[in-house]
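Following are the structures in question.
Same chain, two partners: chain A is paired with chain B first, then with chain C.
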Partner chain A sequence: MEISFAKRGEWTVVTVQGRIDTISAPDFEKSMREQMTQGSNRFLVDLAKCDYISSAGLRCILAAGKNAKASGGELACCGLSGMVKQVFDISGFRSLLRIFDSPDDAAKE
Partner chain B sequence: MGNLLTLVLPFGDVIGCDAVPPEARCPHATGLSLNGRCLVGNRNLDMREHCSTGRINVVAPRLAAFICGATKNSSGWELVVAGRLQLSIQNNYEALARLMGEANEFLEDSAVPETVVYKANLILEELLTNIIKYAFDDEGVHEISVVLTLAGTTLTIEFVDGGREFSPLLAPQPEACHSILDCTIGGLGIHLVRTMTESVEYRREQEKNFFVARLKIDAE
Partner chain C sequence: MDDELAVKIEVPAELKLLRPLNLFVRGLMEQAPALAASEKLLDDMELVFNEAFMNVHDHAYRFGAKGRLSVEIILRQDRLEFRFEDEGESFDPNLIPPPDPDETGERGRGVWLMRQFMDQFIYRSDTNGKNLLRLIKNLPVPGR
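Right after this comes the complex of A and B.
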């Protein structure tokens, strides 16, 4: 998994490339904690280049979302497609997090 | 093993006589990888004689293919060939990462559709993570056995562990969350596995857990 951060208006866009699984979830959590320490609390996780997510991946996105919300911010996701989208649907994450089509779509609001 | 010939067929593909090298016409050819169905054009050879014992090849130590059925049609004999990968890992995450790599190589060699590869990854990761985390009460090293079998249009994944009794079939459904703050999503991994598989089975025998998941393979 590769993770990078960029500012887009109000959002900190978190681009994830590769897999978010049991092995890489701790790295994701650590990177998100560091970003929060630096003052970010509005995250848009872009999963367009993420080709695999398991329950461990969903759990670490949820944990980051909780932390963001607890500090008055938000975590939203975008770029879902194929099996990653299906996993989000089965897990009921659509009712917990706002889902945008793309960073452009989120920036418009 | 001498001169190795590797022929990997897309899953479910049927190839005609011309595309089959001469070695393929003998079910005892070595070094020939046939996954899915292969049409073998030697009408004089009764493949049924070989079906019960029909191990046709070993491409690499990790991959063996077996004839598991044959039918005759107007253009020759059609063999149904199965691929099988048998692995054993210790109960730690480094071993899990290695196993996922080997399983993915096997699935890619077999030209299984991407959605099936994803689902197989999910089944392996969710089940093995559960076993590593919760099955053993001590800190000791324990072996977990995993077998992947590709036959016909089904991928079967079997797990055996000697940990405490746990049936994934009886695990409660994750509770629906009303707000992100009170959401814990316990049991989500098993829920994903149950939703994405064609069928799952569990049995407890000789103080071991046996879990079998089956995935249907449809051509994409």
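Right after this comes the complex of A and C.
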């Protein structure tokens, strides 16, 4: 998994490439914690280049979302497709987090 | 492929073995035409394998015991079956509710995902302390 961060308006866009699973979830959590320490609390996780997510991946996104919310921010996701989209749907994540089509879509609001 | 391909391996339920096992199982699954033809189906089945492994790692052996795990993969053209056998803590899968849309609890989604992606989810715990989880997926056979 590769993770990168970029500012876009109010959002910190978190681009994830590859897999978010048991092995990579701790790296995701660590990177998100560092971003929060630096003052970000409004995250848009772009999963367009993420081709695989497990329940451990869902868990770390949800945990980051809780932390963002606790500091008055938010975590939303975008770019879902394929099995990642299906896992989100099956897990009921669409009602837990806001989902946008793309970073452009999120930036419009 | 032959009529049936069955492979049984016994490993310690350790996290460092998950990635190599995933790669091995994925390669094995590609022997079935229905799986080789669909990256999506391969991803789904890899997810189920991953969740079942983590279930044993996180729950059956949750008290730190480095337990053994026996994994059997039985592949036919029209069917894939994973059998996970461990000697750890048992659980009652019927007590695990589906994810609640209003509940932001972070656990319990693994079993739900396995159930959703597979056609059969059969769990049995016997009196000798062995737990067996059978996960079965019916595969589409081209031309049938």
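As a convention for this text, the second predicted complex is superposed on the first by the 109 of 109 C-alpha atoms of A that agree within 3 Å, B and C clash if a C-alpha of one lies under 4 Å from a C-alpha of the other, contacts with A are read in each partner's own complex, and residues count from 1 in each chain.
In the analysis below, a contact is a pair of C-beta atoms (placed from the backbone, for glycine too) under 8 Å apart; a residue touches a chain by one contact, two chains touch by 3 or more.
Computed from a prediction, not measured in an experiment: that's the story for all the values here.
If you put the two complexes together on chain A, you find that chain B and chain C bump into each other.
Of the two partner chains, neither chain B nor chain C is touched by A:Met1. Using the contact criterion defined above for the overlaid structures, shared-chain residue A:Leu58 touches chain B and also reaches chain C. Once chain A of one complex is fitted onto chain A of the other, the partner contacts of A:Ser91 extend to both chain B and chain C. Once the two complexes are overlaid on the shared chain, A:Ala48 sits clear of chain B and of chain C alike. By the touch criterion defined above, A:Ala70 reaches chain B but does not reach chain C. By the touch criterion defined above, A:Ala107 reaches neither chain B nor chain C. Judged by the document's definition of touching, chain A residues 21-23, 52, 54-56, 58-59, 62, 65-66, 82-83, 87, 90-92, 95-96 lie at the interface with chain B and also at the interface with chain C. On the side of chain B, the complex with chain A involves touching residues 93, 96-97, 114-115, 118-119, 121-122, 125-126, 129, 174, 176-177, 179-181, 183, 185, 188-189, 191-192, 195-196. Interface residues of chain A facing chain C in the complex, by the touch rule stated above, are 21-23, 51-52, 54-56, 58-59, 62-63, 65-66, 82-83, 86-87, 90-92, 95-96. Looking at the complex, you find that chain A touches chain B at residues 21-23, 52, 54-56, 58-59, 62, 65-66, 69-70, 82-83, 87, 90-92, 95-97.
Residues 15, 18-19, 40, 43-44, 46-47, 50-51, 54, 98-102, 104, 106-107, 109-110, 112-113, 116 of chain C are the ones touching chain A in the complex.
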